[in-house]
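Naming follows writing order (A, B, C, D and E), and every chain is counted from residue 1.
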Amino acid sequence: MSLTPVVQLEVTEDHIASESRALSHSWAQPRGVMGFLSEVDHKRIGLRFIITALVFFALGGVLAALMRIQLAVPENQFLGPDLYNQVFTMHGTTMMFLFAVPVFEGLAIYFIPLMVGARTIALPRLAAFGYWMFLAGGVFLYVSFFLNIGPDNGWFSYVPLAGPEFAPGKRSDTWAQLITFTEVASLVGAIVTIVTIFKYRRPGMTLDRMPMFAWAELVTSFMIIFAMPAVMLASTSLILDRLVGTHFFNQAQGGDPILYQHLFWFFGHPEVYLIFLPAQGLMSTLIQTFSSRPIVGYVALVTALVATAFMGFGLWVHHMFAAGLPEIGTSFFTAASMMIAIPSGVQIFCWIATIWSGKVRLEVPMLFALGYFVIFILGGMTGIMVASVPLDLQVHDTYFVVAHLHYVLIGGAVFPLFGALHYWFPKFTGRMPSHRLGLISFWLLFIGFNLTFFPMHQLGLNGMPRRVYTYLPGLGWETLNLAAAAGAALMALGALSIVINAIVSLRRGEMASRNPWNAATLEWSTSSPPPPHNFYPERVIGSRDPLWDDPPDQPIIEGIRSDRREVLVTRLLDAEPDHRYHSPEPNVWPFITAVFTTIMLIGSMYTPWAVVWGSIPPFITLIAWFWPRRTDINDESYPVEKARPQLNEATGPA
Amino acid sequence: MTTRVLDVSRLPSFAFGHRSILWWATMGMILIEGTAFGLLAVSYIYLKWRVPEWPPGFAPPDLVWGTVTTIIILASALPNELARRAAERLDVPRARLWIWVSVIFAIAFCVTRALEFTTLNVWWDSNAYGSIVWFLLGTHTAHVVTDILDTGVLSTMLLIAPIDANRMVDVAENASYYYFVIASWLPIYVLLYLAPRLV
Amino acid sequence: MLQSVLESAGIQAARVESEWWFIFRVTTVVTVIVLAGLAVAVRRGLRGRDTGASEQRMLRYIGIAGAITVVILFAILVRSIFTSRALASERVSDVMQIEVMAYQWWWSVEYQHPEPEQRVRTANELHIPVGKTVAIKLLASDVIHSFWVPSLAGKLDAIPGHEAVLWLRADRAGVYRGQCAEYCGFQHAHMAFVVIAEPPDDFERWIQAQRKTANQPQSPIEQRGLQLVQQRACVMCHTIRGTAAGGRIAPDLTHFATRSTIAAGTLPRTPEHVNAWISDPQAIKPGNRMPTIALAPEDRAAIVAYLEQLR
Amino acid sequence: MKRRLAIALLVLTAACERERRDFKLPNGDHLTAATQVSQLQPGAPSPPPVVESPFQDNAYALSEGKRLYSAFNCVGCHAQGGGAIGPALMDHRWIYGSRPDQIFSTIVQGRPNGMPSFAGKIPDQQVWQLVAYVQSMSGNVPKDAAPARNDDMQASKPELRREPKPPVQTGHR
Amino acid sequence: MSSSTSPHASFDPWLLAILFLGIIGAPLLWLIAEQTGYTLAYQACDARSTSWVIVPTVGVLAIVGLVTFVVFRGHRTASTGRLPLPLLGWLGVGMAVLMIVVMAASAIAPMMLSPCD
């Protein structure tokens, strides 16, 4: 007789009410400063990730505006070379490490548990630790910047310019340590997302009933796990070369600057793919909801996601075509760089088919999705152009590449992100965002973006190299740079209008129902904003679009204890119930561990001994983090003999 | 009115092996550090392949302590496996015994590892060969030290903290991380000690 | 002064330009078709007439579109490999060798020759005979730079510890401007150079003149200038063959007056600019390696006069 | 709390000083060399003028000093600091004084047995950078500003890893 | 080996292995072929013959072809299996076929280019 029978039971209204109250009580978050610091509710951690990342996006935007002002006219004296180099490096580093990856991780931490029907995220304390490390890294970078120690060798910090001889002072070390902070945060986010998707899905949600955004985050998290170690090695060996005198990249003692480029770009290229893969998941979500029909070609879209992820690891040498590597070797990467357009193409065709055969409502998120099409396709085409070696040798490290990367990153990731923020605003705050303000911000961003970055293609072809703090008059670059500066102003207005929309709607937006957009995924089945325990009563999933296709009388899941934070762990492939698990209680030690780890990392920039002595406090706080407290003990199996009868179930292969 | 209910209350409150959350978290860490070791090995081979003579002008590290460490590491797999099996039988005294034995083994090969560092015949700042050798050995030693401390804390937990089934799951999953530390040492041993001599 | 990928004057750049126009046309057509498809889809979606369309039929269309994408990508790939092969065939071996060493923020140029005294050292300017292929050996003395003259050929990185060879051939006489394309520090923006393609006999005359040592100053102010150059800080970094100045970490000034620009292509070489450059180089290129020297105005005028006669 | 603020401020200003990169430094012989040639002086011996080397904790100037040390061929006689024809610069023994202004005058005036005079040949700003670098060769500059290794053959430990050697005025090699 | 905790039997491990051979195995084979091709490019130049690059690439292409055939058979049985087997089946076939296309593309260049350029 199976342990999880489906029975006919009397489920009265007050039973549901009392269970909800009990759940709200046991999942409540402690108040006060200690409560704030020992947060484990995935919705709060996710929201903090998103808001902090958006603040860094604004800072990065301001830096971009400074650059555009400096380049508006030839031989401008607005920023000197030293300050301009810091500004463009901070812009690149902020946008790539402090905005792009963390904002999608924030969305994952907030929405993956809601979309797979779980009460919380797996390993919540680890997610909290990840957020604190991300915040510490961002604050550390910007404090260094205002102390004139901001990195100034570009967001990929090539050796030997960033090496011991040509980067005096601590600027290059600041960049290397920031990489340590943000990679710890994103690795932690990746593990948390993978475990939640694999083990916390609600019974009935087999792998092929998972929402597309969950697939995108799963694939992105695996990419993070295999890509981040490469930049760990690159930044660690760079800082070792600078502080301890090792010779990884010293060509006179056996090292090689090209080794740094290989190590960095093995991470670098998957990094840009793990930025726009979650956005492809968002696109499927937005298009499905606003075409009011299930997505066409679910299997094709999942295959395309997995294909893009794997192929992303085989392209990195196309960043090094100008480094003089043998032609036959680089031809492999030309072929792969061109063939990766196939999965992206298939995705675009599936979305067009969904729009074609759906009932389209042109809400603001749908507009951002259509903006994605226009901009990302142009970015993809220039991508194919730079994949060909002879052409790349002409446009590599010029403004043509700057235009390409902004088309694929802003078009590919930021537009779907703004669409998703508008789409999920009711779920975050319980209030509807204003449609009119949304329209204004979309058109400001769309026109401003194209006015800024389309002229850059021509600038690149006219021979303007990348990362120049100024340029000589008389080369035909003046009007194009002026247009770009005007476009940047429009984009700034667009970003400002989004902030206004958020603030205004927070106070005066109309109240949002559970499912204002009539979407199909599970996060719209609970109240907005969701209660601490996310769902009650939880119904077994019956189809790929539960809110549209599930029969109303799906069995309710009962038996998960409501007197403590308990979650149902299910099997990977078919989400069959496996065992009940006591989710960790709120705990302040992850925050304190992050503080001591920050002190250790910053100290290690000044003396290698800081790593030895600095690692003792985090070790002690880790013990406190994992030490079982009274509330952490699993009373069903304490003392251990009580667990004996459950033993053969617990160890079966399942 | 009656509704259909999926009653999960009789499910166990813990699980071993790949059904437990901790196994997946450990697997995540193993994948990350495995990739890091893989890339370190590729960098080693990249630097080795650039120069005709490797190690360039230095004697390769002596085999003595490296081999002793490898033997102890392989031997330490035994107490670990016994600790894991005891944990999965919820046999606390035996688990406690074998986990302490594996801590002692780990401390032993930590000592031989320290001696190993003295026989490398090269400093980390003499040339790229020295740098990559110290980096490889240093990274693995960092994993060994963290694993000793981690297992040590777990062992003291088994002594003084209240023990429930989840602690037993911790002991079992700690073993799987330990196997990774052992498994990652073997290719490094081949690269550092045998590659300069054979190839 | 040409510096554009789309106005190619050399065989290498011409092949790449034709490849550019091919891919540009193909991708433009594809973009227009896909966006048109999207527009039609949105219009029909707004009216919601095809909500009944069968998934199988749509998947078949997606399959066909995917197949077409693969075919187009293969076509572009093969065309790109043809261009690579054609470019490779331009790499003939026994041609004139020019060694270009990239420094932080200027280019040293040395025309190779079996006998050492025939070798010509100059800076920031390359003269090449029209119609003849030239092999440029790229070296970097400090950080990574990238030698790129868009109108003649693609760029190639100069990486310390690596030797890279770039083949160039100018098919039309003219002045082609190039710039460093790999971020290399404060003055990456002002690290340009000029390639002057001239008929072979003009080139011969130029290279013969470059081989001579610096001509002796005639007028008293120029002699005063030579004396000052040898007394003050110029000797620590610059070389003027035939005088006591022998420093090798800055551009060779032996035939300074034959060059059309100063400060790595930043300013045209006129006495006023040279005077301004000597008086305060940091104002023109902040962060560059030339220090400001305390010089009386008349001394500076004498030095400028001397430099201007170094034909 | 005030003490901690003071320390924090101190650390911040040190960081700002280390990272300063100003290229437009006035150039003139404003710092007259103060080496005393004769020991005779009326009344009590006047205290030596305290002259601060302007660049000793500025990382950019120290790395420029290191670049000029090889560019102006100081390595020809002093090697990488171990000394050859010229005396060693990385040890604690100083012949003509270890104060910044004394090093300044050694470079500008030159010294017997082969040290050439660079007066008028090296602008003051670069001489002060060389002075700062010479101080760093014996570890007498803050560690976070001292230059790291060069991308060349490894001749000696990079300056930032050398232990400071308090200078001793020996008057001979 | 059905576990008593749930009424549904666990999945046939062999079928899963075949499907994951397609999903993960084929791309890994392509990455390995790309790496070897890139490293052997130097050897091809030294030995003045591109066969150093063509042979491994075509060899691995053949192996991926074999993998595709095996995965296709696995997909046929998986398409009628319990959820989510059909998805894994299609995923395996899709990935294997795409890897064939990418490897075919990678094989063109070494055949057209001469060893040392």
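By our rule, a contact is a pair of C-beta atoms (placed from the backbone, for glycine too) under 8 Å apart; a residue touches a chain by one contact, two chains touch by 3 or more.
The shown structure was predicted, so the numbers you read here are calculated from the model rather than taken from an experiment.
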Checklist outcome for this item: Taking mean C-alpha coords per chain and comparing to the overall C-alpha mean, nearest is chain A
Checklist entry - In terms of C-beta pairs in contact, which of A-C and C-D ranks higher? => result A-C
Next on the checklist: If I average the CA coordinates per chain, which chain comes out farthest from subunit B?
Outcome noted: C
Checklist outcome for this item: Farthest CA centroid from subunit E: chain D
Checklist outcome for this item: When centres are defined as mean Cα positions, the distance from subunit A to subunit D in whole Å is 49
Checklist entry - When the centre of a chain is set as the mean of its C-alpha atoms, what distance in Å lies between subunit D and subunit E? => result 63
Checklist entry - Using mean CA coordinates as chain centres, what's the subunit B-subunit E distance in Å? => result 31
Checklist entry - Per the centroid of Cα atoms for each chain, what is the distance between subunit C and subunit E, given in Å? => result 44
Item to check | Touching two or more other chains - residues of subunit C | outcome: 70, 73, 77, 81, 84, 87-88, 142, 160, 286-287
Item to check | Residue list for subunit A, restricted to those that touch at least two other chains | outcome: 3-4, 82, 160, 165-166, 241, 244-245, 247, 250-253, 256, 300, 327, 331, 334-335, 338-339, 342, 571, 577-579, 649, 653-654
Checklist entry - Can you list the residues of subunit B that touch 2 or more other chains? => result 11-12, 125-127
Checklist outcome for this item: In their shared complex, subunit B is touched by residues of subunit D numbered 149, 154, 157
Checklist outcome for this item: Per the touch rule, the subunit B residues reaching subunit D in their complex are 125-127
Checklist entry - Which of the residues in subunit A end up touching subunit D in this complex? => result 82, 147-149, 160, 163-166, 168-171, 241-245, 247, 249-253, 606-607
Item to check | subunit C to subunit A touching residues, read off their complex | outcome: 1, 3-6, 13, 15-16, 19-20, 23-24, 27-28, 30-31, 34-35, 37-38, 40-42, 44-46, 48, 50-53, 55, 58-59, 61-62, 65-66, 69-70, 73, 76-77, 80-81, 83-84, 87-88, 104, 142-144, 146, 148, 150, 153-157, 159-162, 164, 177, 179-190, 192, 265-266, 286-287
Item to check | Footprint of subunit D on subunit C - complex, ascending | outcome: 142, 160, 231-233, 235-237, 249, 280, 282-283, 286-288, 291-294
